[in-house]
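Look at the two complexes coming up: chain A is in both, with chain B in one and chain C in the other.
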Partner chain A sequence: MDFQFGHLITSVLIVSGIATVLSILIVIADATIGNYGDKKITINNEKEIIVDGGQTLLSALKSEQIFIPSACGGRGSCGLCKLKIESGAGEVLPTELPFLEPSEITDNVRLCCQVKVKADLEVTVPEELFKIRQFEARCVSLVDLTADIKGLRLELSENDKIEFKAGQFIQLEVPVYDLTPEAVYRAYSIASKPDDDGFIDLEIKYVPGGICTTWVHKFLKVGDTVKFNGPYGDFYLRDTDAEMICMAVGSGMAPIKSILTHMAHRGINRKVKYFYGARKRDDLYNTELMEELEKLIPDFNFIPVLSRPEEEDNWSGKVGRLNNILPEYYETAQGMESYLCGNPDALNSYIAALKNLGLRDDEIFYDPFA
Partner chain B sequence: MEGSSPGTFAIFFAAIFTSNILLTLYLGMCSFLAVSKQVKTAVGLGLAVVFVITTTSALNWLVYYYVLIPFKLVYLKYIVFIIVIAAFVQIVEMIIERVSEKLYNALGIFLPLITVNCAILGVSLFMIIRKYTLVSSVAYGLGSGIGWMVAIVAMAGIRQNMKRSRVPGGLEGAGITLIIAGIMSMAFMGFTGMIKI
Partner chain C sequence: MKNTPQMKMAYESMKPGIITLDGFLGSDSRSLMDIIVADEAEIARRGLTSAELAQNMRRIRDEGRKGEGLFEFVQPHFDVLVESVRGVLSCPFPGCGAIKKVNTTVVNKQTGKTISFSDLAIHLIEEHSFFQGRGSSFRLDPCELIEILEIKEDPH
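Right, the complex of A and B next:
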């Protein structure tokens, strides 16, 4: 066969030639048109960082170890990475519009995964975001609190500690396993108090088919390394003297437990009642701890409420739903603060009941995740 | 033969209506389905496609007749055309981003989306198969781009008005969009016989 080497070589040369010419053009364009030089980002009017222009603000901040919450990884689909950008960001992009309220647009709030650093920027980063980072920990205990809630104790790496406010949550990383082809993150409230240096507790309820809960309940073992990032959230114990109404259902116990143990530990003596809803007696947990806390916090009452007690439970306590029980304890709740945790339906019923008792929106605290 | 070599204007006109690249050949479907929720974004994407299709058809025509034919490399046209389109889109995006923020906001952010729009490669290949001249190729590219834009803007208009309609559960999203596209394409294909290109 007459194999045409000449032709083969020309074809390779020509295609490589075209590709080379185009790549050179792109490299030149990148170095000239696409080169925005070093840009200065001023954070909260005090810190200045110099970054490479042209990248997104999200990745520029990340390279400076400032982690802005982002669930989609910068694709502009979760809308979490909102930041106030005072100057230098240009107009709001069409890709940001679906995530911004009109009031946010007038307030210069932008999605920092979409904003590119093309000029010097002035941004406002909320203080607590500086504390957010990735942590590595070892699972040191794993116990069944009820039939479907497991308690995890995580020990941070040596000399590491997490600074958080009682009530805040973290995002637990679920590694690749049978149910997920990529690492995913799920939010859980921290159940332990901030002063437990180097440790955090989580309380996780099993949801059939749930990616994270299945992993925790069926795969995780004592001694395993787990990763999480945080702390996040506006749900935390406020620094006031107001009387407190805490309400939780199911694994919503966790952040309330953090708040109460924190109060006992720090000697914060506020008047507080904690209403906790469960179905039957077997679903109640942490009851001994609550009895202990009743001794430590002078004016604290734990009020467990069962919705469907079974006959052998011999339950002499309250029966029903928390929102209906509430008026038995309060004629008015004016001037009090309320801390809630539970599923969205339960939350809505509690909020309605509390408003009936005269509580304002800004006196009711809860995490808006299911 | 007159029928086999239509005039430039006929090609331009046919590319928009009777031989609409999207509705008669179903090329460029992915972005058509994904970005046809709002008229405003559809117009932006449409303009970007018009611009890129027109310019790359000219570029690819030159590359084909002045590089590939003399070196007898026509069988490499697929890979070469794709490289040219991808590189061109990259550079245009950088230029627009630098030069005009307004234009970039309206058009530039869609450019990376259309590098892989098959309508663009389709136009480059058809103009070769049909042996168009440079001028006809540009007219064909421009027409196809406008036709693609007409189709996606019409679809976005329909979908915007359908927000309040009750669509059977299983057909929501891409399903009903494909059905609408089918009905639209029947309307366009009805006139296919008028001009042969």
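Right, the complex of A and C next:
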């Protein structure tokens, strides 16, 4: 996955020079041409919506409560907002080219943040995207889980409910606040279980100089209204009986916690070990919950691993990196499933270690953009 | 590089709170082009190019990655910490791609001096010769980079 990402970025950079010049010409042309009137978008040959012409397809669909995945807020730089547009979209734009495979171009796949609705369009929206909605919630609790991770509990508006699979994420809206002139969105894994009707929990680690985490850690207050959309992602608990190896570091705890609490609540008694990496004892959190889950899920072990315990930690548990610890527990992992969450560098080393133990690519689950 | 519409769009995206919290310009009142030209001139005086600086930053980051989130010793005498956060950031210049959120901190153990840079900063230097405006907390002064990372003119 990292290779693909590296390849993607390299191709992006190569084409970016030409793309930039052409995109500017397009921007100028658009600004001068102006109003397109009402346009019809036909979705999946079934539904028809009328939207204001001239806006991007991404915005037009959003205004109709159809949310297409995006990690860049429509800046044409994440490549996530791909949709098949059967007709009306015109030529592929230079800004889209770096993200589209030749086969996708042949298949009329486009970046919907780059395509403007200038004519009637026919688009194909995958069914699962219709489940994505905008939600309004109230922040009902905000606690320090560690020195730099805050736990948020969001209560949805009355009678509202989000349907998601344990492990999925939402896009949190950072509203216009003292430090941002426009709303921005950031992805956060849902830390609570799907059966917590009307609530979701998030666990957000402070990133110095970060837009969203500065807002959450320094500006957000209990009682504030918060907006988000979702759920997103292919990282969720698969419906099998396979033994599970879960691995996470830092705020990567969140989706694994969702998966484990879901298993406990639903009585899913699969054999599972959860290796959680932190630097020192103070960085560990949710340990009491994990002890509780060890009682509720018959064959579950939580294995916290510190990479650099301090003397005052008096740590008698495991020390090192998760990937190096694995062989102490498994001679082979063949036939098992693995659920991973953490920063990209950690993920790469976990994946390598799991493959060494015999796991196949399709048995290792993680969020590719994370 | 001309003061093109591309530069104007980039300038707008560089304001605080659009792509990053504090933006990329700091308190610098110069135009984007003036900032770039001044830094490029300084680097050229040292017999180097922005691309060479970026290559050195990338090499040290890649070596430091072996530490997997802990400080790693990198020859000749650097302690390097590479930390990554899930997610991507856009380059403010239109048409570029998404850059992973990775931060590298380099401590030159001989001089005791430290410098930090993100992957986005490496990209901005490599592709746009942009070291950011004065007063930006993420500005990388080219002379400081050359000094701390001990970047030497390529004899070839």
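Basically, the second predicted complex is superposed on the first by the 259 of 370 C-alpha atoms of A that agree within 3 Å, B and C clash if a C-alpha of one lies under 4 Å from a C-alpha of the other, contacts with A are read in each partner's own complex, and residues count from 1 in each chain.
Throughout what follows, a contact is a pair of C-beta atoms (placed from the backbone, for glycine too) under 8 Å apart; a residue touches a chain by one contact, two chains touch by 3 or more.
Please read all numbers here as calculations on a predicted model, not as lab measurements.
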Requested in this report: May I ask you to decide whether A:T95 touches chain B, chain C, both, or neither, giving the answer as first, second, both or neither?
Outcome: both
Requested in this report: Go through the superposed model and pick first if A:V143 touches only chain B, second if only chain C, both, or neither.
Outcome: neither
Query raised in the report: Once the shared chain is lined up, is A:V319 touching chain B (first), chain C (second), both, or neither of them?
Result: neither
Requested in this report: Give one of first, second, both or neither to describe whether A:A119 is in contact with chain B, with chain C, with both, or with none.
Outcome: neither
Query raised in the report: Who touches more of chain A, chain B or chain C?
Result: C
Requested in this report: In the overlay, answer first, second, both or neither for which of chain B and chain C A:V222 touches.
Outcome: neither
Query raised in the report: Looking at the overlay, what does A:P181 touch: chain B (first), chain C (second), both, or neither?
Result: second
Report summary line: chain B and chain C footprints on chain A meet at residues 19, 23, 94-95
Report summary line: The residues of chain B that touch chain A in their complex are 40-41, 44, 63, 67-68, 71-73, 76, 79-80, 83-84, 87, 90-91, 94-95, 97-98, 101-102, 105-106, 109
Requested in this report: Note which residues of chain A are touching chain B in the complex, please.
Outcome: 7, 10-11, 14-15, 18-19, 22-23, 25-26, 29-30, 33-34, 90-91, 93-95, 116, 118
Query raised in the report: Quick one: in the complex, what on chain C touches chain A?
Result: 4-6, 9, 13, 15-22, 65, 68-70, 82-88, 90-91, 93-102, 123, 127, 137-138
Report summary line: Counting only contacts in the complex, chain A reaches chain C at residues 5, 8-9, 12-13, 16-17, 19-21, 23-24, 27-28, 71-73, 75-79, 94-95, 98, 179-182, 184, 186-187, 205, 207, 209-211, 214, 249, 252, 279, 307-308, 321, 342-346, 349, 367, 369-370
